[in-house]
Amino acid sequence: MSGIVVQNIARADPEVIDGLAACGVATVHEAQGRTGLLASYIRPIYTGARIAGSAVTISAPPGDNWMVHVAIEQLQAGDILLLAPTSPCEDGYFGDLLATSAQSRGCRGLIIDAGVRDIRDLTEMKFPVWSKAIFAQGTVKNTLGSVNVPVVCANALVNPGDVLVADDDGVCVVPREKTEAVLEAARKREAKEVEKRTKLTSGVLGLDIYKMRERLADQGLKYV
Amino acid sequence: MSGIVVQNIARADPEVIDGLAACGVATVHEAQGRTGLLASYIRPIYTGARIAGSAVTISAPPGDNWMVHVAIEQLQAGDILLLAPTSPCEDGYFGDLLATSAQSRGCRGLIIDAGVRDIRDLTEMKFPVWSKAIFAQGTVKNTLGSVNVPVVCANALVNPGDVLVADDDGVCVVPREKTEAVLEAARKREAKEVEKRTKLTSGVLGLDIYKMRERLADQGLKYV
Amino acid sequence: MSGIVVQNIARADPEVIDGLAACGVATVHEAQGRTGLLASYIRPIYTGARIAGSAVTISAPPGDNWMVHVAIEQLQAGDILLLAPTSPCEDGYFGDLLATSAQSRGCRGLIIDAGVRDIRDLTEMKFPVWSKAIFAQGTVKNTLGSVNVPVVCANALVNPGDVLVADDDGVCVVPREKTEAVLEAARKREAKEVEKRTKLTSGVLGLDIYKMRERLADQGLKYV
Amino acid sequence: MSGIVVQNIARADPEVIDGLAACGVATVHEAQGRTGLLASYIRPIYTGARIAGSAVTISAPPGDNWMVHVAIEQLQAGDILLLAPTSPCEDGYFGDLLATSAQSRGCRGLIIDAGVRDIRDLTEMKFPVWSKAIFAQGTVKNTLGSVNVPVVCANALVNPGDVLVADDDGVCVVPREKTEAVLEAARKREAKEVEKRTKLTSGVLGLDIYKMRERLADQGLKYV
Amino acid sequence: MSGIVVQNIARADPEVIDGLAACGVATVHEAQGRTGLLASYIRPIYTGARIAGSAVTISAPPGDNWMVHVAIEQLQAGDILLLAPTSPCEDGYFGDLLATSAQSRGCRGLIIDAGVRDIRDLTEMKFPVWSKAIFAQGTVKNTLGSVNVPVVCANALVNPGDVLVADDDGVCVVPREKTEAVLEAARKREAKEVEKRTKLTSGVLGLDIYKMRERLADQGLKYV
Amino acid sequence: MSGIVVQNIARADPEVIDGLAACGVATVHEAQGRTGLLASYIRPIYTGARIAGSAVTISAPPGDNWMVHVAIEQLQAGDILLLAPTSPCEDGYFGDLLATSAQSRGCRGLIIDAGVRDIRDLTEMKFPVWSKAIFAQGTVKNTLGSVNVPVVCANALVNPGDVLVADDDGVCVVPREKTEAVLEAARKREAKEVEKRTKLTSGVLGLDIYKMRERLADQGLKYV
């Protein structure tokens, strides 16, 4: 099952991808029926980044980053690297040299269910990473994994070419074939939110905007 | 036990509350006999905020934020929302729309033993949140909880109207009826610290300021 | 085994220590054969600090910071305090007063496998701390520990006088007698990285720089 | 707030207490409105014990078991010791000697949000313990705490004299003044369960027993 | 994406399923290329059970076990229930009544990335469960989920009808269409192990059986 | 630092080792000044085993058990294998085949700061293991580590030839050169405990046996 590199993967429309980035993780997650979130322990190494891109996936053994080098050759501009170790690991698979290489190919960032290092350099380079850990622990290059195969990463299924959306709220994966529908739903949601925000700012209550009072009373809520 | 909203709760004196905010969590915690801290996993979503306010408490089922809407109606200027789920949960109960609504009523922030989302918006709005997790996971509005009942939140007992003090060190709860005494003790403590800080800056040792040498020798400390 | 203060410890050459700080944790860790890292849960209270110094070690009971006062007297300019509790604890052993005292003696920072408080003050004072937790919980001064004895801290062995290197990537300990050799190896590593970074920036792949293609094929990697 | 021993506490009716033990944790928890459970990390040191008793509470500093000795004097036959440390700790506060002493006074077991040791002896003695950890780490006897004051233990509020029910499912606290009502509700619940169990054994579905089909359809459940 | 019940799912050959059970988790995992393991926090509630069966999957909201009732109707003899909550949860979704109902339909056990209760009853009934937690916390029946859709459970992808193998080592999922090939590989592996075990029992070293000495020397291993 | 096998290590006196086993972990830990415990997450795979033996240490990369094979050749009757991974890992490094091999050389058990598998077989073979995890995840044999070098394992320093004591309470390491002194102290402690146990069984309080009442009063304890 390991030792495979899939070279040609389908990617979503770049404009749709950028549209999803603009919507952000929370909205995209809601727009696709509250699915696709990676576990909450995946956190950004610095705040403020908001990106989306096509997933180039890596399945790698614990403590071995050989496949990262292999994956970088498969990157196209606009892609995001995503690494899932085959068993739990927090070693620093990735640092400033690999980021330099990935960035030179147009890679937008890294999502990794493991560790990362050279945080200061990555921050200065504006190469955003969402990781399970920050850990300087080095890795070896002795055992094969695979590139561009389906992986489960931080409890979410990611297929190569799926769109990853990442910001300060975490990471969400959108199946490639649903990206257009999800973007449309996300924009509708955003449009509605503008209206709601105006009302809420003026002091109108959610209880009234969403007409909750009757249902609350039906359920038996008592004011004392 | 659930399905209740207590509408009229007593609150502490606003000036006392602001005085506690100025003292900060560590000092207030010491001043009330080293009690009242919420667990250390409750962390601010951004650094630098220091607030105090009266607790409007929410007991909510896992993954259901219906009661947050109910609680917002109960807010007065200077209050802080505090949510304890009835079982451990890290879903994002709260985001920018609810924050807009709460802020329009003068709410100073949120303490939540669960997750929060829309971190970027909350930071820009300067609506501070101390939470267990940052997670975009959405919630439903199907099951009742209660508002303004006593809750255990992150291993601390909080009664509605108790004063919550929160800063970069975490969160401390001060029972409403003890706020004045605690503020007085906190200010005395602060006054003493000014003096100590001057001495310590000049190089005098704590061993001498606190006269520890004799007691250390009595206990058998050996210098080799 | 406790109740001992070792007063005269050997320290490494100050220039070597500063050289290690300049190299940073990830490079130093690699240069000494991928050893010496403290566990990844030890994190800085603010980003951007990069220090190295001689370890003044503290072995302290849970929830008791008496020995910190004793240790401060043993500090020399350029030292770093390192505290390992005798059993797991996250109490706030250290705050702004102790930092003031330590800083007045030239201490460069604190590494602690427990909690710290007064984060805002420590940040303003530029007194960097790497800790397991941020927690306002106070401690007592009732039970002896030891100062400048070997300790295991966050799963790493630290002898007094060993050099601690700390930055945003975490903390690494370098045995005192190896500091010169490690610095030399670290600088060689850095020199090589400059060259690699230039190549990688220009788009040359790691696969080619490190001549990995043949070995990957030998192992059976398949491109499909 | 510490340094207090409350000597005379009210206890519930012994027959009611034994009735609650017979119902078990899950049933009692349901019978009092799904409240009162201690966190799930509190686990029995051996399986098969099912007890209930009046809580003699201990608030103790981390790593200091002095107050356990004080609390044992306050025990009456049928009581259960409950210890909450003032900050998180997993040290072994309790072992076979303390169990011998407690058992000689009729104590039925220990609930502790910390560690315990001498597991083999405690198992042979049939002295059941529900704890956060098993850890041989010793404690000191240097700092006061309190006995028979209200404590928050594993995220649940426990007042002295409240009834603790503990079995393989965990631990539940029943406020003393509600014990009779809870027992009555628990027995009703048990009676109903007998009937349901018979139907379910014969193959009748919960969907039909609880008449769920219509409500599921209303909510939009689709069979495909 | 939720609110769907898939009624007719394909299942693997019952004899193949039983063959996989006999091989056990570790062997099956190796035989399919070291894939398919659920996370190690999924543990059996009692030791000694070893089962395999076809997965009837449940995707359920946190703290809501309505869909378990729906899923039980879909069970056939030889099936195993598998529940993945839509966000992390440790509530007790399942107890003795549901087990009675499931067992009456020939269900062999439950795998759940959440909590379970009534441990004593389940053990007596010999209804094995592998869970994330044991927790008496009750659940509601208010929000739809889905039955027999693909789910990610404890970091593993499970499709309805896949074969689950579970024993004291944990849980492994075998894709339905690979079950025969995996069983064949597992049996070959077992046959080889018999031979190896005999040699190892007689004192022959793995170093010699697997001819490792030369490769170790090539890598530079030094005996001192 | 890796790639080394130390062949001749000193071992403690077999009778002393067996004496320490008879005392058990809690007593040995106390007898050597409350030092030497491995972290509490190291738990036995089955209850009831109580062993002691000389440590044959293994430093191994994450997910790679090659060095276990190398270490087994170094085993003598009465030894215990101890494995510390170079970074956190829970893979199953060890199962029934390796246990067969180790047992054939007189090895008494395994302590591992990682995972183990084939639990059922190991239990039947009576080969005790204390581990961080039970996990069927397989490992590779590609990267060197070392055998019989000093390691930090579960936050404790272990030198080859040190004596490991393990039972249901956990694991304690006794430095080889201190074994006789520790055994003597442990036996004295046991003798005293017999006497205390008799008194405590008869109902005499620890408060009186240890003469605590006066010191408690001095500290300010109040009975109310």
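For reference, chains read A, B, C, D, E and F in written order, and residue numbers begin at 1 within each chain.
In this text, a residue touches a chain if its C-beta (ideal position, glycine included) is under 8 Å from a C-beta of that chain, and two chains touch if they have at least 3 such contacts.
The model shown is predicted, which means the values in this text are computed figures rather than measured ones.
Minimum number of contact steps separating chain B from chain F: 2. Common neighbours of chain A and chain E, by the contact definition above: B, F.
In terms of C-beta pairs in contact, the better-connected of the chain pairs B-D and B-E is B-E.
For A-E, the matching interface among the pairs A-F, B-C or B-D, defined by over half of the contact pairs being the same residue numbers, is B-D. The rotation relating chain A to chain F, fitted on Cα atoms, comes to 180°, given as a multiple of 5.
Averaged C-alpha coordinates put the centre of chain A at 42 Å from the centre of chain D. Distance between chain E and chain F, defined via averaged C-alpha coordinates, is recorded as 31 Å. Averaged C-alpha coordinates put the centre of chain C at 28 Å from the centre of chain F.
Each of the following residues of chain A touches two or more other chains: 34, 37, 40, 86-88, 90, 135, 137. An unclassified topology is adopted by the chain contact network, corresponding to no line, ring, star or complete arrangement. Interface of chain D with chain B (complex): residues 1-2, 32-35, 37, 39-40, 86-88, 150, 152, 154-157.
Taken together, the chain E residues at the contact with chain B in this complex read 61-64, 86-91, 135, 137, 140, 142-143. Taken in their complex, chain A has these residues touching chain C: 3-7, 46, 66, 69-70, 72-73, 90, 92, 95-98, 100-101, 104-105, 115, 117-120, 123, 133-138, 141, 144. By the touch rule above, chain F contacts chain D in their complex via residues 24-26, 29-30, 34, 37, 40, 43, 47-48, 50, 167-170, 172, 193, 196-197, 200-203, 205-207, 210, 212, 216, 219-224.
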